[in-house]
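For reference, the structure discussed in these notes is given below.
Here the chain labels run A, B and C in written order, and each chain numbers its own residues starting at 1.
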Amino acid sequence: MVKIAAALLIALASAAVAAPQRVVSMNLCTDQLAMLIAAPGQLVSVSWLAADPSVSVMADKAADFPLNHGAAEELFLDAPDLVLAGTYSTGPATDMLRRLGIRVETLPPANSVSDIRHGITDMGALLDQPERAARVLAQFDADLAAIRPGQARLAATYAANGFTTGPESLSGDAMSRAGLVLLADRLGLAGGQIALEQLVMAAPELLVTGSRYSTPSRAESVLDHPAFTAIPTTRRTVPDRDWICGLPAIAGTIADLSE
Amino acid sequence: MRIEISDLTVKRGGRLTLDHASLSLEPGELIGLIGPNGAGKTTLMRAMLGLIPASGLSSLAALPPAKRALIAAWLPQEREAAWPISVENLIRLGRIPHRRPDADAAHIEAALSRMGLQSLRHRAVTELSGGERARTLIARALAQDTPVLMADEPIAGLDPAYQIATMQLFRDLADEGRTVIASLHDLGLAARHCTRLVLMDQGRIVADGKPVDVLTPDNLAHTFGIEGHFAQTKEGPVFQPLRVLS
Amino acid sequence: MRLLLSLSVLCLLLMLASILIGPAGAGIGESIRALWTGDDALGLVMREIRLPRAVLGAAVGASLGLSGAAMQGYLRNPLAEPGLIGVSASAALGAVIALQTGLATALALALPLSALTGAVIAVGLILLLAGPGGGSLGLILAGVAISAFAGALTSLVLNLSPNPFAAGEIVFWMMGSLADRSWLHVAIAAPIMAAGAALLWGSGRGLDALTLGEDGAASMGINLRALRLRVVLGVAAMVGAATAVAGAIGFVGLVVPHLLRGAVGGRPGRLLAASALGGAALVLAADIAVRVVMPGRDLKLGVVMALIGAPVFLQLIWRQRRGL
């Protein structure tokens, strides 16, 4: 599926007459990939989320760009020759832009390290910057090769609403590459909600939690539950931004988890 | 129990609905409160009880509510019974002021039999006919076992037999030494059963005395705008309204 | 008395079932032993997850059942239910405001107290608009308006929250859930609920007398103003505390008094204790159903209650449609 999509994208990209000159990105993940690969001046605007340090690993860099809020009107006024969007983001806005005759390309979210590798290549093709993409990819591969997986420990992520990651996700793949055994895998689950008492009974050796927000929510209150805090285990925090989007920076996260 | 009211006055929206009413009621009296619609009969009784704010004096309203409830029972005109509770349980509500609602079975039995409700005791009040419900509510007031009983149009909507029976019951209660006050529209029954009539018009008490002294052609013409026939028979006083005066 | 006894036994059985049912799937004997002695994972599950959930379920159910019975007794209308007439929604608004302003973080009791404040305003408005005359039209219309307004404001506050999870939580605040509630929640809610119960407990005599109408009750020495204050504060405290920790669970206060009214001979005073026990049993049963029917999906308690309650509500409306 990913390969077909990639082939399609590349075919579409090569159909374009020349390298796009005014690229606007309206999705957190395409924002960050584009910032990594685009030539100076090629990227005109990124989404406001890219500048939010709680979800973006490149918030500093995004501060150099004008920020958009993903509305068709403001994007159109930037007069882009290419708009980058996520597959599942802002349907009406991208539909509107296409109606207005603007080229909109979407990239699927990355669910694994190999998706990230494809994403880098695809982004290079869309921006017509294959050499820059190849350089990013080579560095990523080198970083991945340097990782020494740790001992096999039972591990689980636990997040708001009792969500835990399964193997078919970027965080799951990253944890497996760090040598960890996913609790969801052990329980035969695809990930998703898992009851707190199941987690307590399973007693994972490593519990990975994510970012917390300063204002409370009912969904996150499970992370303050006395039974959760009483589980005897090693606890690690991986900020959500590290694996929301498929970026080469995941190599650093994997290396941390393997220790 | 003697009840005194003097200069009792109720203002509603700048209008006097009760205008300086003064009365003295003695034990043994059955007082019929008569007058056209809007004359202030209900207002007078509610003000006497202290259920609505009023200026002037009422010996009943001056009592603390819990004490007053042991002295006067009140039968409102709206025959309300909100829930499908049984006749017996509704009558039991009359024992609430006595703070031992379940203790006085004797009073409940007496009220049931006095109103002829024994066969209905387990029926839900919401299933009763209008007349049965009216009798049940009277029984409730009887169960309160007070020296004073005040009733707002207690016989409206009852069939003739129960109208007469109810008036006779009130008279019996009065003869037992209680004070009974009832507002009435049926002047014939009022004339026949009441020991005393109080005639009201536009918030004022305009006549007070024996039926024969109150149901005079003058009073009838001025307050009701009607003409009637009053006679003393060997059955007692009889009154029949005849025609509307134009 | 026999009724109260059998309802109590039912509650105890349901509580036991609630403690024994869960995804961890341990044996009955093992689970009960772990409740007293277990220092291991199962002990943790039993004492810190299942027991508080069962206790909270019973307390929330009792609060909602009792409040429903008290409101109906006072308004003399079987349709008066905290969830339907906006009291729960207003309590949820109060709770959400306390959470999002950080008040609840600074002082744990601020959460139920703020919910109580929301509920007081709603109950006050209902009494003002509907009154104890027993009319359904004013009651339902006032309830619709208050529900809609409180729901909209709750959405607004949640949407303004910088926390993306909070922004999506209107479902919880409108549907309620007991999932993953801990002793902390019990400790926050219990004192307020107890105060509310004490207030409502004393209202039985007055509610009985109100069967005869306002005038009839007043003539029997009932202080209507004091009774109203009791009902307003009592209902607000119970619904406020329940909503603050479990969200707005509707229909409990409608279904339970409706089912038990016949058994207590329609007497509003006797209905209070029976409805408290019945409410506890119903919410415990619904919370068990939530876990058994769709394990692991956090099916909202309010969904189950609405499935049970809405038909009862419609039937009541049908029956009184002439009075509306």
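In this text, a residue touches a chain if its C-beta (ideal position, glycine included) is under 8 Å from a C-beta of that chain, and two chains touch if they have at least 3 such contacts.
Note that the coordinates shown come from a computational prediction; the quantities given were computed from them, not determined experimentally.
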Maximum distance between Cα centroids and chain B occurs for chain A
Using only protein Cα atoms, the chain sitting most centrally is C
CA centroids of chain B and chain C: separation to the nearest Å works out as 43
Averaging C-alpha coordinates per chain, one finds the centres of chain A and chain B separated by a number of Å equal to 83
Residues of chain A that touch two or more other chains sit at none
Per the touch rule above, chain B residues touching chain C in the complex are 46, 49, 51, 65-70, 72-74, 76, 78, 80-86, 89-90, 93-94, 96-97, 101, 124, 137, 140, 144
As the complex stands, chain C meets chain B at residues 76, 134, 205, 208-213, 215-216, 218-223, 261-262, 265-268
Chain A residues touching chain C in their complex are 160-162, 193-198, 200-201, 203, 213-222, 225-227, 230-231
Chain C residues touching chain A in their complex are 22-24, 26, 41-42, 44-45, 48-50, 99-100, 102, 104-105, 161-166, 168-169, 172-173, 180, 182-184, 247, 295-298
